[in-house]
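Presented below is the structure to which this report refers.
Labels for the chains are A, B, C, D and E, by order of writing; each one numbers its residues from 1.
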Amino acid sequence: MNIDYVATTIAVLTFFGIWSLMAISLNIEYGVAGIPNFGKALFVSIGAYTTGVTYTRLLPILAGRDFIHPCGSTLADAIQLRSDIIRTMPVVAFVNFGITLVIAAVISGIIGFAFSYLVLRLKEEWFLALVLLVGGEIVRIFVRGYQPLICANNGISAVSQPFAFMGGRSASIAFLMLVLLIAFIAYVYSERLIRSPYGRLLKAIRENEDIARTLGKDVAKTKAQVMFIGSMIAAISGVLFAVNLGFVNTNDYVVTLTLDVWVMVVLGGLGNPKGALLGAFVIAVLDRLTAIAAIQMNMAGFNLEFNFVRFILFAVILLLMMRYRPQGILPEPNYTTEAHDNLTARTTGD
Amino acid sequence: QDDVETYVLGVAQPFTGPLGSFGTDFTRGIELAVMQMNAELEASGVNIRFEVASADTEGTPDGAARAVQTIVQTTGAEVIVGPLTTSEVLGAKQFADENGVVIVAPASSGIPGAIPGDNIFRVMYPPDNFAALAFAEIARSRGYENIAILHVDDPFGNGLAERFTIDFQAAGGGEVTTIAYSPEPPDLSGEATALSADVAQLSGSGNTAVFCICFLADAQKLLQVAQIDPILTTVEWMGVENLVSPDLLADAGHAQFLQSVNFISVSFTDTATPLTSPFIESFTAEYGDPPGPFTNYAFDAANIAMLTMLAAGNDGDAVTGMLPFVANHYIGTSVQAYLDDNGDQAIAFYGIFRVADDASSFIEIGTYNGSTGLLEMNE
Amino acid sequence: MLELSKVSKDFDGLRAVSNVSLSVKQGEIVGLIGPNGSGKSTLLNVISGRFPVTAGRITFQEHDITPLSPDRIFHLGLGRGFQDPSLFYQMTVLDNTILPAKAQKGENPLFAPFKRFWRQEEHQLAERAYEILTQIDMGRLFGQLASELSGGQMKLLDIARSQMGNPQMLLLDEPTAGVAPPLAQSIFEHIANLRQNENMTFLIIEHRLDMLFNFVDRVYVMHMGELLAHDTPDEILENAEVREVYFGD
Amino acid sequence: MLSIRELTAGYGKLEILHQLSVDIQVNHMTTILGANGSGKSTLLKSIFGLTTITGGSITYNDREIIGISTENISKLGIAYVPQRENIFASMTVRENLALAVRKASRAEAALRIDRAFDLFPILTKRANQRTGLMSGGERQMVAIAMGWLMNPSLMLLDEPTAGLAPLVAKEVFETLYNLSQKGITLVIVEQNARTALRWCEDVCILREGTLVYQGRNDAFAEDDSLLHTYLGLLSIGKQ
Amino acid sequence: MFERILIDSLIRSMQVGSLYALMALGITLTMSVLKLPNFAHAEFVTVGAYTALIVSRNVSTNPIIILGLSAIVASVVALVSHITVFRPFEKQKSSIYIMLLASFAVGLIIRYVLFLTADTFDLFDQRIQVPLEIWYRTDNFILSNVFFWVVPTSIVLVIALSLLLNATPLGREMRALADNFDLARVIGIPVERVKWLTWLLVGALAGISGALWGIQTSVSPLMGWVVILSVFAAAILGGLSSFPGTILGAYVVAFSENTIMQVLNFQFGLSFSFKPAIPFIIIVIVLLIRPEGFTQFFKSNRSLKR
């Protein structure tokens, strides 16, 4: 074995950071507010597709260079142009990256917002899950067949992360720090959110929106807000996902991505942002560990079977967890604000 | 022998996901190459051995990136053979470029991968434009005036269909219609109907043939419908290299159909190369089954990678510099390699195949040389 | 205060409420009784905006609330309780109680993460909720999940919750069904107090007339979706028609 | 007939009933009274194996029934009408009733369902309506009818008249009384103590998971203060 | 010409639609009786297809035997997944989404066991050894033996299932169980036995449809997974509760994937690569505009759901 622990750690943590953003967003939406967002891949992909578009359209403008059509016969030149700008003009790369984050977040937020109103018509809550799930597929199929966005099924390569100019390990460390910072902000936000009256409102809506409505809560608006927030976070993770990979392609944003995020949230503990982090961490580590195990077993002379067993193992762990720890590793706290603590202190005090 | 040095050869292939069936065969080809190489090295007393570290790309770009990362970071490999498709290759590209890792992709041929100056080499399997030319030539030589194409809607299928149309019409062909189907189709009934309509319409203006640019499983689905279609059974068929597989003939009905429509295909497996039959023999001896389509490219890619490493060491940057030179001096089980500016195979020498009379296998009936444009038919 | 004129409600084909006109004045406690299935709960649901009306018009404090959504109606000061307690079962008793408080500063996703915006208010609300809970003997249960209450406790919590929004008028649907008699008595006393001290108005559906009639000013009787009678409690008890359909004499 | 000895039961780790012992006499109507949350429903649920039982025994006709699965207890001739969710809300009234007579022959089932409709004539009109869409009282009637249709020799009812109009409540008690005359043993949890005491000859009073009184109803008829002692004290934070 | 295409396309829609219906029936059954959106159904289907493949190679090519054995094997798999996974989850009253994830995990396990098997015995993209025979032909179209197996089978099964569920005590018990599990136990319905029967039925349906689907296409570990969303679309169109609705939904999905797609392609040049979006768009439209699907057409109070 010849393991580069540092590089592996960086890689795993980067994935952890990106996935934990997805998990945090789903945790707010489903874990707290009960909106079964089975369209995570959709909102993540919006971030990625935005990246594909800004890197081919916006980046040359910011750098003051001519636009080169990213698909077809000028493809190699367009790639060259992108890599040049990113490597030699870090400021432009950063500005472009920043704008991408903002645009992606806003577009995705608006789409999430719109969805939440669209689905007010739905009769049963879990229909929303289906609508979002297939909505993601519809968008994916559309983008895959629609040249102007990301060159249809060819995808857009050379969409590097903004620190790429630093080169080598320092670039990946810098990017990792950025990812973790963003994830941390999202985490703190969601943690505080559920510990507030807003969190209480979301929980109430999760349990019985009809009753919440008769108790004076504007359910539609609140759900729309939640979808807006969740979709924004998801799209940001999508941008990070795309630039970390350096490639935007529809093949990555399939139903399995959504299901993976669900697994993270359920595993970690619904309704608990720490659980979302933990779930993302467990999956990031488990994914890498089993991949390493597969490689090592194969090198030790076993066949390739472990690549299949890996998935079986994953499923079995998931099932066992859900079975024996249905609340997830970290269960949802019973109450929302600190009012309970105050009351307990007072009532036991006298 | 303590001073034996071991180089790890990374293998990133899809083992799971829709392309799962390819990965295993590919990896076998690579392992066979490594085995043979190690035996030679030992026999010659060279103190270097190769070891295979293979990881699963799950068939997605992201999966490919993670697979390559994991191999490189946990085994010290700097040279990776694989992945299979162009989008997987592009998924792994950024990591490879940034970390001086060399990707030797045996079968990716999509146009978006044709990028000069990167760490990606697409040895052996030529870019699709050669295959397009070959098919255009065959079509003309068989007297097809119009072609109805059914192709998979991915970089490979789109690229080939597009190029073919250009080449075919440049060679004096008539009308071409295309139907693109989405990858991994549950079934192809609707597409078959459309295809049959296209054929019916094209037949009005001349001799028409069907050109199927599809994966094996999709071809099976198509044939299941086509073999009872009143129109599709009446015209001749061409199909891409994937289909030159005994698996396609396993179904008696399909074999019979392919025979009756004069099915013709090209394959890079050129029996003219002295290495072809030894490869097939040793592969069959080792694994019990003959190699699947493309497996020979994996075998060749592994050999080029290893030979380069023997010269340049386990050092990605050195391998990047050295690889074109080695490749250009390599004779493979299919054909010689010669890399262009993009690091892609520039030689294309195809065998032309049809279904044998007993419908049990494919037999070669001619060759096509992509560099010279020479088509030779034996029958 | 509350005015219904010719309100009807159909459920595909079935006329559950038909042509009901009634009015409740500020500070009154009005009872609504009638046999099972006579449309009382449906009427309540229609008033609170849970079901849209089929025909008719409802005004509350001069506002036409017929077309409004339930949350808007609630904000106008018309609160309600439920016949089968529909609680937020995964939430604590205290959270259940605080929730309906109106216009909480912390109920905004932008401010919510910053405690200083709402800490003070939350503290007051919690105190208030605790006080309400204590009045109906539920104080010590404030930290328990609603799902872990007994059937009667759930009912009590529902009543506590309906008060939290500072309604000017409350619609209660069988507030004491399943509640032990002494507690039921004190619930009604509590209601009377609220009317006395805060000039609150009540429309109460109840089958336990022995309790109800000690507290109400007037009673409406429904039968088969229509208003059958309307009078003071004593008169109602004398009303032959009512006795027949309701008491079975 | 039903004898509960030192029963300790609750929900998960939470213990609600503490070493509770009760005897139910055959052919009697027994009412169980107690404040909200005193454990009445928990007691009934325990008989049907729907709680976590940690100690004690429940014997029915001298047969231990702790450990018998919920679905088999009804085979012993015990019917149970729960306090909440006591009907199949997505099914029609007729289907609900049919489920209760699933063991009977077709003809007999039809006959008995007709008798159930006689019992609650309101339901006749609603026979093909989904019970989930009916009023609270109508649902309660369906639930009672189902319990009765199962032809039990012991019937447990959890607040059968909650939410019923006085007329119907009275009819329900009359019906129950008739049943008891025909040899069915009844256990009725009630909040409406006075009515319950009028009809039921045996009384059990629970407080915080223990039995505080068991005896005949005559004791209460003479002395209102007993009622006050056992039921009146258990309430109200304020005076 | 157009007429020919239309007939052709209708016949193919009918065949594919019947197959979708067979698969969707199982989903409707689990959804309505067990409250489970069972994604593992995809893998039950695949299991059926692999059974058919192996039987056809090693045992017999008699379609009855093939279908029978497929049904048996798949129902055993279904039952085992119930006992080992779904039952415990039901016991702890998991939410519908947890159940959905659990079914996904079960599917994952089965799928990769199949991958393992396929890898070991080289069973990727294989054909079941049931030759296609032409049973009826005109100038315009040809009907194969498969057509004559598939279409009547699905119609007969739909009728049988509807009868079972609506007109038999077992069916009523199934629905009672779906409605209120605890109460069903309280009134003495042998819930476990009813569930076993349901799962056996679901498995058998999946097995039969898998074998037929395998004959129609080709057998590989992902074959069920690829088609499952179309099948869900069919079930949703049927309102997820009515069997006749489901079969109609299946035909509509197949019809739009084939005929409507054909027209869109013909008239507007819409590429067939957008075809997979069609059932999804149907799902969205139905759920938004007509969530009860086709149940209205078959209205009765006996609808399985709330």
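Points worth noting:
As a convention for this text, a contact is a pair of C-beta atoms (placed from the backbone, for glycine too) under 8 Å apart; a residue touches a chain by one contact, two chains touch by 3 or more.
These numbers come from a predicted model, not from an experiment.
In terms of C-beta pairs in contact, A-E outnumbers the other of A-E and D-E. Distance between chain A and chain C, defined via averaged C-alpha coordinates, is recorded as 44 Å. Centroids of chain B and chain D (each the mean of its C-alpha atoms) stand 75 Å apart. Rounded to whole angstrom, the centroid-to-centroid distance between chain C and chain D, based on C-alpha atoms, equals 28 Å. Centroid to centroid, with C-alpha atoms defining each point, chain A and chain D lie 52 Å apart. Taken residue by residue, chain E touches two or more other chains at 112, 115, 119, 271, 273-274, 276, whereas all remaining positions touch fewer.
Shared interface positions of chain A, i.e. residues touching 2 or more other chains, are given as 141, 144-145, 304, 308, 311.
Counting partner chains per residue, chain B shows two or more touched chains at residues 16, 24, 153, 182. Viewed as a network of touching protein chains, the structure does not reduce to a path, ring, star or complete graph. All chain pairs that touch, listed by label, are A-B, A-C, A-E, B-E, C-D, D-E. Of all residues in chain A, those touching chain B in their complex are 1-4, 7-8, 11, 15, 71-72, 75-76, 79-80, 141, 144-145, 151-155, 157-158, 160, 164, 167-168, 171-172, 241, 245-247, 249, 251-252, 254, 287-288, 291-292, 294-296, 298-299, 304, 307-308, 310-311.
Listed in rising order, the residues of chain A touching chain E in the complex are 30, 36, 118-119, 121-124, 126-127, 129-131, 134-135, 137-138, 141-142, 144-145, 259, 262-263, 266, 304-305, 308-309, 311-312, 314-316, 318-319, 322-323, 326.
By the touch rule above, chain D contacts chain E in their complex via residues 48, 50, 69-75, 79-80, 82, 85-92, 95, 98-100, 102, 128-130, 132, 146, 150.
Against chain D, the residues of chain E that register as touching in their complex are 169, 172-173, 175-176, 178-180, 182-192, 301-306. Residue ranges on chain B touching chain A, taken from their complex, read 8, 15-16, 23-24, 27, 51-56, 59-62, 65-67, 69-76, 86-87, 90-91, 93-95, 98-99, 110-112, 114-116, 153-155, 158, 182, 342.
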